[in-house]
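Alright, structures below, take your time with them.
The following pair of complexes shares a single chain, chain A, combined with chain B in the former and chain C in the latter.
What follows is the complex of A and B.
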């Protein structure tokens, strides 16, 4: 599902918000901290819903905004996954 | 320089080498992507083991290559000027590590060019075969060459002071000890520890590791300077 929201990426390019992409990244980070698959899917579903609610009134946001909001909501469901999600771009 | 002193210098230089973190960061990321992509435990083991072997291979090549060059240049009679230069390099790198090693921000981002970091990040994410992981392990050593060159050179100089067969032992000791930190992380991942806990420990202790690496280089520099330069000068009087 795509919302009519443009995401400005770090390199300046933009793309349409893609729920599936966000969902996959949340599932992936939950599984990487050894969460059960069902829990990872449910968590990703809830986080994506929360991000879409937040995006509803915003026509244009940055990818860093999406990451911050998704991380904030993920923290409620799985703090360790949220920590790794935040750290992903600042490990190296 | 006697055999025990040379081996002690090699072991200490390798221990300082082990405290550098690029390979550990990349291994953590590689494991995260492999687990997140739902690869089997066997595949995870294959990728991380190949990464470790790649790191070991380039470290072994660097320490043997440097030792070979130094033996051919100076034999066992390394000029004091070279020892003094190596001590200066150790001291300079130690100060650089204290000032620059980690970026002053959240996370464990290192002071390496951002272009290189992004390339390594993207390659780590794209790695799905053992051969790629092996190359990535080698890249992780090459990416940190500016910092590891100091312990590598002093280790190689100490190796040149050893008799023939002992040089092989020196190379082995350096390689094995320099891989100790990444081997511990490899075992933790294989043993089922979560990456979040490993990364949290690394982030919480990053300034301590930075201090220890810099202090270790200064102690090593001081010891080698006193033993090789001052000791020889006083002994020669």
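What follows is the complex of A and C.
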């Protein structure tokens, strides 16, 4: 699903917010810390809902904002996954 | 030579309330290119939803209350009543007359570009407003704060009011439970009680108005109970809320035991949260959930970004935010910097009687083990107390060991006016002798200040 929110990336380009892309990244990070697949899906669903709520009054944000907000909500469900999610771009 | 970057504006002000408006106007008058961004209604909280509407309603409430209790002076007021929709219309007129509410056009006539939308930093010198990118040399963040909604089980299943929404209710509720015991909570408690609402005040601390000296909270609690029938529950917190028909059942924990109250409405007025969700991470500005950190020049850790008003995390009054805004404007554009000082900013609560303080409180001094002298003059020893038939209240003056005034608290009718004499005394380093030797008009409330000063002179 594509929400009418533009995401400004680190290199200055922008793209439309893509819920599926965010969902997949949350699922991946949950699975990489050995969360059961069902829990990873449910967590990703809740985190995506929270991010979309946050985006409601913001037509344009940065990719760093999405990472911060998603990480903040992910911490409530899976702190270990949240740590990995927030640090991932630094590690690679 | 370093390259000088060109930006759209010299200053972008985010927020058009008291913390932003003064700086925007000052900068524009000096010929700077200025933009102001507002995500809600221009003018901010004070003229639209807090100071002006609340005080307009409190004015009516005080008139009504005094008339109702006029029998002892020979007034016949048994049939006095009120029309709440007309009272609200008066409140709306007062808001409109300020000229500060919804004043987008004002900024445009000042040569300031006014934008409606949510500002979001995308880099240290650039924000996005409705997908439009605006850049500036300097920024002033004055986004204010909003009422924080506590996490109470069941609260999300019932409707609740905030100090903003209660001003728009069609009529005062029959019963109201207020979560919080701060200045806003007590003003609204008294307002609603005068119009016939049974009010419960729930405060976690040991007294109302914990930021004031102990005797203020205790006297206010007694005054509200005796004169307005308001029940204050200190050392209490709301455990859960359940819907019960058209009402709400509130479970309150107090000193280890639980108490249950059934009310029509719940007002959340516990504390405010600074509005810091504007992409500050993208600008590198340091902040926490309690506010943006600034130095004494109101400058954040990013040297071209300043902040003023309630976004700093202090429960500041409008006059404090205005002063911060003026100082920020100076510090952004001038080489001679001004430090913000909070030592002479009066704090006023517009209940009846009113409460005001300035400088240090006795509790502050005791905590820091500072040697002080204090003097308390009860109101009932001055002549005005007799002619106005008002006896509960006091003036307290705190001095250092040399007799220089360093703080004062007043609990009296017109305390909001009286406090400024003592604010000036603190600013000018006057002693209690200076005040005591100044003639104070007979039958004015300010005689109590002279009496309090005289005790220490």
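As a working rule, the second predicted complex is superposed on the first by the 91 of 92 C-alpha atoms of A that agree within 3 Å, B and C clash if a C-alpha of one lies under 4 Å from a C-alpha of the other, contacts with A are read in each partner's own complex, and residues count from 1 in each chain.
Please note the rule applied: a residue touches a chain if its C-beta (ideal position, glycine included) is under 8 Å from a C-beta of that chain, and two chains touch if they have at least 3 such contacts.
Given the structure is predicted, the values throughout are model-derived calculations rather than measurements.
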- [ ] After aligning the two structures on chain A, examine chain B and chain C and state clash or fit.
- [x] fit
Task: More chain A residues in contact [chain B versus chain C] - done: B
TODO: For A:7, decide between first (touching chain B), second (touching chain C), both and neither.
DONE: neither
Open item on the list: Let me test your reading of the model: by the given contact rule, A:59 touches which partner, first (chain B), second (chain C), both or neither?
Closed with: second
Open item on the list: With both complexes superposed on chain A, which partner does A:32 reach: first (chain B), second (chain C), both or neither?
Closed with: first
Open item on the list: If we overlay the two complexes on their shared chain A, which of chain B and chain C does A:22 touch? Say first, second, both or neither.
Closed with: neither
Task: Shortest CA-CA distance between chain B and chain C [superposed frame, angstrom] - done: 13
Task: Contact residues common to both interfaces of chain A (with chain B and with chain C) - done: none
Open item on the list: Can you tell me which positions in chain C touch chain A when the two form their complex?
Closed with: 39, 118, 120, 122, 128, 130-131, 277, 279, 281-282
TODO: Under the touch definition given earlier, write down the residues of chain A that touch chain B in their complex.
DONE: 27-29, 31-34, 80-81, 83-84, 86-92
Task: Residue ranges of chain A touching chain C (in the complex, touch as defined) - done: 6, 8, 54, 57-62, 64-65, 68
Open item on the list: Could you list, by residue number, the parts of chain B that touch chain A in their complex?
Closed with: 22, 25-26, 28-29, 31-33, 35-38, 105-110, 112, 117, 120-121, 124, 192, 194-197, 199-200, 203
